[in-house]
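In structure tokens below, several structures.
Both complexes below contain subunit A, partnered by subunit B and then by subunit C.
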Partner chain A sequence: MNDQVRQVRDFFVSLKLTVVLLAFSILLVFLSTLDQVHLGIWGIQEKWYRSFIVIHDTGSARLPVYPGGYLIGGLLMINLIAAHLYRLKFEWRKAGIQLIHGGVIVLLVGELITGILQEDFQMTIVEGGSRSYSESFRDYEVAVIDVTDPKHDDVVAIPDSLFSRGGEIQHAKLPFKVVPQFYFPNSIAQPRAQVPNAPPVAANQGAIAPRYVVTEQAIDYSQNGRNVPAALVALVATEGTLGTWLLRPEVPVLRRDENGQPQLSADTAAPERLTYGGRTYELSLRLVRAYHPFSIRLLKVTHDKYVGTEDPKNFSSRIEIKTPGGKDDREVLIYMNNPLRYGGYTFFQHQMEAARGLTGLQVVSNPGWLLPYVACIMMTFGLLGQFGISLWSFIKKRRAKTAAPKPAAT
Partner chain B sequence: MILRSVSPTLLALTVFLSACKKPAVESYRVAKELPPAAPGAATTPATPPPASSAPAASSAMANTAVPTASGASLAWTAPAHWTSAQGSAMRKATYAIKGDGGAAELAVTAFPGDVGGDLANLNRWRGQIGLGEVAQAEFEATTQHLDRNGLHMTVVNIVGTGAGAQRILGAIVPHAGATWFFKMTGPDALVAKELAAFTAFLDTIKPAAP
Partner chain C sequence: MKKFLPLALLLLGVAIVVRSLVPERNKTEFDLVGFSRLPVVVNGRVKPLDTVARTSLVILQSSQTAIAPDGTKLTPNEWLLDVLFRSQRADAYQHFEINHPEVLALLGVTTADGRDKKRFSFRQIEPKMDALQKQVGLARDIQSALRTPYQKAVLQLYSNLGLYIRLKASLVAPDHRDFLEELMTFQTNVVTGVAAVRAQQAKQPHDEKLAAQMLESAGRFDRLGELAYLLAVPPAGGEANVDGWKNIGRSLLDSFQTQRVDASLLVYAGLARTWRADQPKEFNELLSRYLAILEKGFPTTLKKDAAEARFNAAQPFYTATILYVLAFFVAVGSWLVWPVELGRVAHWLIGLAWLLATVGIATRVWLGGYAPVTNLYSSALFVAWVAAAFCIVMEKIFRNGIASVAATLIGVPSLIIAHHLSLDGDTLEMMKAVLDSNFWLSTHVICVTAGYGATFLAGALGLIYIARGLLTSSLDKPTADSLARMIYGIVCFATLFSLVGTILGGIWADQSWGRFWGWDPKENGALMIVIWNAILLHARWGGMAKARGLATLAVFGNVITAWSWFGVNLLGVGLHSYGFTENGALWLAAFAASQVLVIAIAYLVPFAKWRSFRETAVK
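And then the complex of A and B:
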């Protein structure tokens, strides 16, 4: 091994690196907690923990300010593994420590898998209604759906992260190219008639653009902040452009409240329609959907309150879960802290509006959900084992001391 | 040797997992959807999300008010002879001004961003009273700039042509990421008479106390 390689190895094996990384970890938690003044919890997770470098936006520039969770956690994991390979030799009397370290590695790997592969969805159902798909909380997609068949819809879904890059998108199932013109991650829509200085209509097709003015907004990272995107999309076939459509998941609608005062509220936007090559297509910008090979029907929602108060005591949803082949057809009660785990998803009771028979389930897919439990079990047994081994050797020494013959008195 | 292969394996795992998340176009066939079951209305959060936090929102559940320009507001004092009137939901305020030549109206609106820029706004106003568009050079020549109470105002005074011509007295005021519009529209004679009152009114515009 030459000197340079040895230096690199020594760096990663070093206990000093462990201490520095742990100090960085502590400071990371502290600083990210302070940053919660500006950002909601998911914004903090993305900015501080699920990044290699923490980028701070000063308004005029984006500056790297701190090592992110992936960098610190990744280096800690490499440091721990390297220490085991080169510094710590396996000994039975230190088996507990090895197991504890193994648990920490499993925990770090678990967080990596969770950070990269976990997906959060929501499922909103009314009593008597049935759903076979969940929707993302935050991510949107441009859906081009061939609705010609009376029984089936053929969906081509373009995720917002891909659409916002702006390149032409050609898919084998579409007879035209999808050409993104712009994508606003957050926007507001105002009735065009009420905006005195509205810019000209950007799209030449569809119902939204002539009626509404859409303006880009800064992304809202707050805890309960909502971002409503907007997209301008052109469809281009071999003979030329078919048109440009402005898409938005919802549009404002003026209604009168109980006092007769006009109030703006948001309604789900109807998909835009076009016919091309004898087939009918629908265009929409909607929350990313995850279709399941089963359906969930909501039988009953229950919202219990403490007697004599409006304080919520319990929320529960009685659902019926059904697979098309009839393999499963059973009732399940989902309530607080009692989720349903089914088909690789976990269904948590998340929202409820009992008066309207509406329930909102949070649907989580996390392939690494078991790893933190495995890590905790490993660390528990490691600690028990290590303390047990120490206790055993202490008792043995003490017995040996007691059993040893006392020196004869002179 | 097996142990020494752990690090590259973990590296490969990271790369593999990252690759799994790459955005890609998806296509699939689904059975026709029944009409949406849930009408829109905000719901009560039942319990904090156990696994990871997420905003409580869904398209089916959305029923939020749509803001015009949120954030910092402006305050002003209108002349006594302007009467506050019922405007649309998008307006911050509406005033009716009555005079010999008929009635004029002053509308206060605010929208996020620059709403297309000052030139586009002037040209839109010009279009509303039958005037053609102007270029940037002419824009500079026909507008006046004022600085009042820490606010920069672009003041417009334009009049249409022909009998029954309309005049617009307007001020475009950027403030805290939004653009505020104070626009008086009405018969030429009446609005021209209100110029002094309008200028005095602009002097009273200031950022509202938080």
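And then the complex of A and C:
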């Protein structure tokens, strides 16, 4: 092995690197915590952790300010694995250390799997209502649904990530191509009458375009921030274009509140309809849906408070879960700290408006959910073993030491 | 002397404990002890009036000692009796603490008008109520994080006034001349009265005067129902029916239907009359009968309330603080003279304080029905407890007084912090929704808090290493070595607890929110402690930190732990943020600066120039 290779190896297996990287990571965690005062949790994750270099936007310039979570975490992983491979001599004395570090690896791998594969959805149900799909919290899709058969819908869903890339989209089930014209991840819609010098109508079909002016907005990363996208889509068949549609999941509506004051609220936009080749299609931009092979019916929501206070004691939803074949048909109570795990999904009590009989369940699919438990057990036993061994040998040594002078004294 | 003094010190400690445990006795002919045990519900928890008296006083004036205008000292229960039953007199008690000079100016009073230059009576404030309300209206519109100290002081005072006014209306109507008579008349008339009102509504002939009286009563009871602070009317269903407790107004409104006034209302009105008329015999007679009735339906409640009242009076954590202070001086003394004798006494004193704290924490667990740590207050108690437990074991092994001093270095500040946190009111709170899980409270929260305690302990040992090594010549080689070993050992435990605790927290989050890790400020704080301990261990294994390095790293652990414990609450973001004041921020900054200063000094003075090591070098 030549010197340079040895140097590189020594660098990557050294404890010094470990300490330096840990110091970098503690500062990363601290700085990102402080930054939360300015930036919501999603923004923090993108900026500080899911990045190789942290870019700070001062308003006038974007400056690289710190190594990001991927860089530090990645180097720590390399350091950890390299050190273990290099010193790969299994000894019982060091079993604890191996177990602890194994646990760290499992934990980090688990988080990586979660980061890549976890899917978060929500399911909002009213008492008595039933749902067989969940909706994403943030991601949208363009759905083209063949509704010709009243008993059966044929859905083609195009995720916003694919849509925002542009280019023609061809699907075997569709007799036409879907051609994105533009995609705004966040937008506002204003009634055309209220906008002076309104730009010309962008689309030649559909109900939204002639009535509203839709303008692109910066993405809102704050904790409770909502982004409402908009898309302009053209449908092109072999004989030529069928038209362009402006799609948006919701449209503003002016209503009068109980005092007669005008209030702006949002309504779900009705799907656009078109007929082509003797079949009827519905076109909409909506939250990504995950269809389940079972349905959930909300029987009752309960919001308990402590007597004489407004402090919440518990939120719970009694639901009925049913599969079409009738394999499952039972009642389940979902409440705080007690989610339902079913069909690869976990259903958590998330939001509640008891007065309106409304429950919001968070629906999560995470193939890596068990790994933190495994890591926790590994690390606990590793730490107990390692420190136990040290403590034991220390006490033994000490006993020998205190016992030794005695015979000399007598 | 060598034998006598240590023994005397130990006996002093025991005497302090015994004295605190002596049951309260009635100072006057009134059975105040019996009264203090009456159960009521506030903030969702059944508690004795004794707790109501003490927590109300602490909220209003940050002290449990009330003083009447004539200078007589009142026990919390005497004070409460006057507030509940003789509010004319209580209105003159100076128990509203006001510190902000502009608020004083607003009220048209000066510090000279107040007791202890800061406490004022309802009567002193009342004339300026309109001016105060105007300021409250202005302050309320501002987001809480953006309010000025003046605005906060205005709102604080207003909320305290609200508490006092609601408290006054808790057991009897505060504007009554004789509430008992009013209730008796109502009881006599309710059947015919309700009939008269029904007839009136049906446009039938009826007794108009009686109907008008009934409607007026209904209005009064409704206002009482809105106002009364305590849920003092026990439910018919007995102990199991905690949700059935009512305040007097609601109970009276119900009596239109049941057509009888609840017995407890008559008892309270009778107690009010006898208290005002200064008739201790009748007061005690009525009280003992009522307690006998409660004993049938609420035996466990009464037992718990009696225990809670005694616990309140004993103040075990206050006594423990005194013992720690005593132990500190004894243990430091052991480094100068009689190391064996004084060292042993210090060890015993800490054992005694720890035992007392254990009993105190166990009592809180029994009373509240939750795991030991549920809020910042109980976490401060637990940090002191964990650190002392480690120290007692370490002192048993090393017998050099160091662990004893370390125990007091953490015990005293933690308990003082706990005392200040207790000024917000009742520390036994009901847990809100997602936190209401004893399984996670007793695993995740305990582990994390034990991690705080252990990390602080390593920091305290680091401080002792630096202070003794740098400033005295007492740190010989074997002591220095064992001190370094103690730091290392404790850091191992700190790593274990904070790592396992943090991961358990993640698992809890996964169970209740559907995500294992969300980079929430409190989660980040816990992670920082884990990483810091990992840095310490790896630096030692890699030979990057020797004894001094280990000591200074451990001292910086104090800063990180303090940040994680309190600092993240200052940001006001995230799921774990609970109230904490600017005052706290100032203390936190001062603490961090002091620790950094110690570290700086430890590095600026060359190791060979430290007094302890200089002399060994000469030798």
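Following the convention adopted for this analysis, the second predicted complex is superposed on the first by the 370 of 410 C-alpha atoms of A that agree within 3 Å, B and C clash if a C-alpha of one lies under 4 Å from a C-alpha of the other, contacts with A are read in each partner's own complex, and residues count from 1 in each chain.
Here is the rule we go by: a residue touches a chain if its C-beta (ideal position, glycine included) is under 8 Å from a C-beta of that chain, and two chains touch if they have at least 3 such contacts.
For clarity, every value in this text was computed on a predicted model and none was experimentally measured.
Once chain A of one complex is fitted onto chain A of the other, the partner contacts of A:356 are limited to subunit B, with no touch recorded for subunit C.
Judged by the touch definition given at the top, the superposed model places A:372 against subunit C, while subunit B stays out of reach.
Of the two partner chains placed around the shared chain by superposition, subunit B is the only one that A:150 touches, whereas subunit C remains out of contact.
Of the two partner chains placed by superposition, subunit B and subunit C are both touched by A:364. Of the two partner chains placed by the overlay, only subunit C lies in contact with A:387; subunit B stays clear of it. Residue contacts after overlaying the shared chain place A:280 against neither subunit B nor subunit C. In the superposition on chain A, A:204 makes contact with neither subunit B nor subunit C.
Of the two partners subunit B and subunit C, more residues of subunit A are touched by B. Once chain A of one complex is fitted onto chain A of the other, the partner contacts of A:191 are limited to subunit B, with no touch recorded for subunit C.
Across the superposed pair, subunit B and subunit C both touch subunit A at residues 41, 45, 118, 120, 223, 312, 315, 336-337, 339, 346, 348, 350, 362, 364, 369.
The touching residues of subunit C, when paired with subunit A in their complex, are 41-45, 231, 242-245, 247, 397, 430, 432-434, 436-437, 440, 485, 489, 492-493, 495-496, 499-500, 503-504, 506-508, 510-521, 524-525, 527-528, 531-532, 534-535, 538-539, 541-542, 544, 560, 563, 568, 571-574.
The touching residues of subunit B, when paired with subunit A in their complex, are 3-4, 6-7, 10, 13-14, 17-18, 20-21, 23-34, 36-47, 49-68, 88-91, 107, 109, 111-113, 115-116, 120-121, 124-125, 128, 177, 181, 183. Across the interface of their complex, subunit B is touched by residues 40-42, 45, 74, 77-78, 81-82, 84-85, 109, 112-113, 116-118, 120, 122, 124-126, 128-130, 132-133, 135, 137-138, 147, 150-159, 161-162, 169, 171-173, 188-191, 194-199, 215-218, 223-226, 249-250, 252, 254, 261-268, 286-287, 291, 312, 315, 336-337, 339, 346, 348-353, 356, 358, 360, 362, 364, 366, 369 of subunit A. Remark: subunit A residues 14-16, 18-19, 22-23, 25-26, 29-30, 32-34, 36-37, 41, 44-45, 48-49, 107, 110-111, 114, 118, 120, 223, 306-309, 311-315, 336-339, 346, 348, 350, 362, 364, 369, 372-373, 375-376, 379-380, 383-384, 386-387, 390-391, 394-395, 398 touch subunit C in the complex.
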